[in-house]
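One chain, subunit A, links the two complexes that follow: it is found with subunit B in the first and with subunit C in the second.
Our next item is the complex of A and B:
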């Protein structure tokens, strides 16, 4: 790549990275604020049901390294995170960061896999209806996509588990029950369920069709068509690549949210299940860590989108 | 920063025909189905609120468990404890109806204020508001709700407060987009030249005449969101608890029987969720196509 092509990407990368940092600072402040406003502190969970004197309580707080003032607590927490120390789970005592990363890999596989499933279903329908106009087949797909988007994902999970696992015996019953190839086969079910049932399919089809349709009416597409060049090749960047990356960036939060439910249904050892457990136990350090990691993932998605956008359209760096 | 502006204007032709005559028949079908669902939900809510039910939803009848639909006296059958399914479904609406309205109110109220500030005043307001909306959009909604549940008690009104706040960015961006569109048309400039007070311009000319329809559409989509969140959370065990029915916890309670091949106790509430959310989505999208003139060819 020539230098002229790299420079705009560099400019945008620096700008977007600093913005990401600024937003993540806000994210940490918001997470801290929510927990700061809550009645009691993390240690009231630990001390629940034990009648300790005020002196013993403050002793425990001191031993766990908690400052008194709010800014002290916030600074302590943020500087810990920067050093990679997210604290330890109140329930298990394990360090939060390594636990979240361990489960986060599983959630990442689930999330990216189901994004792929959504796109593999939505893109052909959208492209077909944008290029050829709405036919009976695309109409029925559109209606069907509305119905699918309203499906409660947990119920879809039950249907899939019942038919594929109980009736047909194709898949192992749970994640840990199988080894080798079958273990990987088990991954497919939740990925498929979340890909279909994350509630975004109809929106993805609509966005892709609108964008593709808009590009199809541009003059340069007419020129390409007139000289017999491939329309698809000319429309690909603006009509497909940009909207798809925009959708990926915009839908990551939804799919991460859906992952919480799907992981629950499929007993998937991921970050969403951990968040559920932490909310039940009021395990503050864990849920704070997960919220931060999830926000980082969302921000990385939008960073990726801006970089792709500038690579396709270098003028955008001068805005 | 991803600027939060979508083209929310572009009303096709300013013809004098009433909107239902200009509308596409597909959109009218969407809206009709959606209005039917809304009417049913409101009617069922009122029936539940005034206890006008065929059976007591808590009434256990061990003689008649797992009755299929169309059993005499139990139109939609009974669940695994012999409780009347129809009554439980109707009462389940209580779990999300008022909290959902709260979420909508917050989203529309705060979203409109922020949108007007960002679009009408612009400048520093716009920068700060874009930052705030990006901040809220950085969290997966369910993760943020779980965080709030961990911090406070799993109270449905607190949860719906969060749902409302997470819907603010969408409303704000649409209102802002609309105002920027109106500014392009020199519409607001003309108002100012006429010497109208700012309050009249914003409240009457911008919000009432031009933003009414996007706010209605956002309210519809917001209700779908609220139902989805309430049912998901009661499915996860954080919402309404058994024996009080909610569609989410009914699906959960029926799940043990589902794997044994008895589908109905889970399927009935799941279908209720499906058709209700579908109704609100279709109503929102149909109205969007009709009122905002966004029908693709």
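Our next item is the complex of A and C:
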């Protein structure tokens, strides 16, 4: 790659990273505020049903930092975060950051995998119908995908589990039980359920078909045809690559939301399930940590999109 | 007698079905044209007369949903002989009710496949095309040089990139783009409209096609750039002797570059013949529409006096409700009492009135 092409990418990186910083600050403040205002604290959940002396209680409170004023707590937490210390889980005592990253990887696999599934189903239908017109096959696939997209992800998840465990007796209900081929099945099923059931297939088909269809009308595609070159090759950047990165960036937050449900249903050891548990426990440090990591994931999607855009579009990189 | 034609269009009809009007827009309605080897055929007519759609039909570019084509387009060079509309009619089914087409069922997918089949080895290699809006016609995401290199590698014996690149630079130089080596790496947005058209011409000619179709190659460019592009085309024409189908609404440009001229109106050819005869000054002996077109060329004096261009009076023909009689009847100023009845009721055919000269007008059929 030429040096002139690297500079604009650098500019985008700097811009995106500073935006991310601001966003993280905002997210952390918001989450903190919500947690602070919601009733109950980790302390009371932790000690539920136990009788302790008032002295012991305030001792524990102090150790947990709950005695401080709310802004005191927030700044304590933010300054820790800046140093890479997200605190420890109230429930398990394990360091939040490493725990969230460990589960975050699993969620990332689930999210990106399901995005891939969505795209592998949607893109061929969208591209083919945009480039060659609607045939009977593309019509039926489109309608089918719209129906499937309307299925709620939790329902689809339970149906799949029911089918595999009760009908086929194949499915281990807890992660890590299975070995060999079943292990792969365990890995792939949730990915497929989220990929199909997150409601984005029909949307991706529509967006991609519109974008590709618009590009097909462009004069330069007519030129490509007239010179006997590959239309797909010429339409690829504007009609496929850019819209796909836009879709990925825009869909990550929704898919993360869907992941929470799928992780519950499939007992997938990801960040979503951890968040669910932490919310029940009022495990503030964990919730905060997850919120931050999720926000970072979302920003990474948008960073990816911007970088691809400048790299692909010569015009954008000149500006 | 005309030399063996390279391209022969016979009774071409390209219609677009309008769902809302339940009728066809008859953009091209029975056009027959022939382009002889080595000559330049100029097609002229007001905008909307079906010139571009004729060219697009030849190139297989009418794939947009509602387009339906019939007729024959034969292409014959020393390398290939092909019917370019082969099999397209089998992809379309019409449903008629009382003479009116109620629905058009077109298998777009099969149509596209058939067009691909008909056009492989033709597009870019045998026939090249350049367009109006050169800037939009080049891929904005690629450098100009790579787009030309791509065409060369696709269609010539230069299959090695470096070799094709040298060829491309040669062609950029040939169309008079200065510092071609630098321009090679420019994207279209970095070049002016005129430069983009030069690059398009370089790309079209770099594969040494037998036929060049130039659809409004100067329209939309600045006046000075226009005349430079015309100069370039004239120069390339005498240098390469390439057979050309030149389309323009500008009768001046047609006059400068064409050997033969066809005048189109309302989707039909109303007059054709050697350029010097068709475009000669006397209004007698030519179709009333051609005469009106020629009269509408503003002399510089007239423009200065009136401050605007005089167009032909009346509106361009509505290609859905085509009249039974002459298509130009509503705007014609030369109808005589003797032929009025015929002009109104019966469409004249395109008849030979002198060697190589054809006119579609009752005035000449007495």
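Simple rule for what comes next: the second predicted complex is superposed on the first by the 271 of 319 C-alpha atoms of A that agree within 3 Å, B and C clash if a C-alpha of one lies under 4 Å from a C-alpha of the other, contacts with A are read in each partner's own complex, and residues count from 1 in each chain.
Throughout what follows, a contact is a pair of C-beta atoms (placed from the backbone, for glycine too) under 8 Å apart; a residue touches a chain by one contact, two chains touch by 3 or more.
As the structure is a computational prediction, the values presented were derived from the model and not from experiment.
Asker: Of the partners subunit B and subunit C, which touch A:227 in the superposed model: first, second, both, neither?
Answerer: second
Asker: Which partner, subunit B or subunit C, is in contact with more residues of subunit A?
Answerer: B
Asker: Considering only the touch criterion stated at the top, classify A:162 as touching first (subunit B), second (subunit C), both, or neither.
Answerer: first
Asker: May I ask you to decide whether A:298 touches subunit B, subunit C, both, or neither, giving the answer as first, second, both or neither?
Answerer: After superposing on A, A:298 lies in contact with subunit B but is clear of subunit C.
Asker: Counting only touches as set out at the top, which of subunit B and subunit C does A:26 meet: first, second, both, neither?
Answerer: A:26: touches subunit B, not subunit C.
Asker: Tell me which partner A:150 touches in the superposition: subunit B (first), subunit C (second), both or neither.
Answerer: Once the two structures are laid over each other on A, A:150 reaches subunit B alone.
Asker: Looking at the overlay, what does A:133 touch: subunit B (first), subunit C (second), both, or neither?
Answerer: Both subunit B and subunit C are touched by A:133.
Asker: Scan A:202 for contacts with subunit B and subunit C and give back first, second, both or neither.
Answerer: The first partner, subunit B, only.
Asker: Is A:80 in contact with subunit B, with subunit C, with both, or with neither (first, second, both, neither)?
Answerer: The answer is neither, since A:80 touches no partner chain.
Asker: Counting contacts the way the document defines them, which residues of subunit A are shared by the two interfaces, the one with subunit B and the one with subunit C?
Answerer: Correct list for subunit A: 133-134.
Asker: Can you list the subunit C residues touching subunit A in their complex?
Answerer: Per the touch definition, subunit C meets subunit A at residues 59-61, 65, 107-109, 111-113, 119-125, 128-129, 131, 133, 136-143, 150-151, 154-155, 187, 189-190, 200, 203-204, 207.
Asker: Please name which positions on subunit B make contact with subunit A in the complex.
Answerer: On the subunit B side, the touching residues are 1-2, 131, 134-135, 137-144, 146-152, 154, 224, 228, 231-232, 235-238, 248, 251-252, 255, 258-259, 261, 266-267, 270, 273-275, 277-278, 281-282, 296-297.
Asker: In the complex, go through subunit A and note every residue touching subunit B.
Answerer: 19, 22-24, 26-27, 30-31, 34-35, 37-39, 133-134, 146-147, 149-152, 154-155, 158, 161-162, 166, 199, 202, 206, 209-210, 213, 252-254, 256-258, 260-261, 264, 272, 275-276, 278-280, 282-284, 287-288, 290-291, 294-295, 298-299, 302, 305-306
Asker: Using the touch definition from the top, list the residues of subunit A that touch subunit C in their complex.
Answerer: 131-135, 218-220, 222-229, 234, 237-238, 312-315, 318
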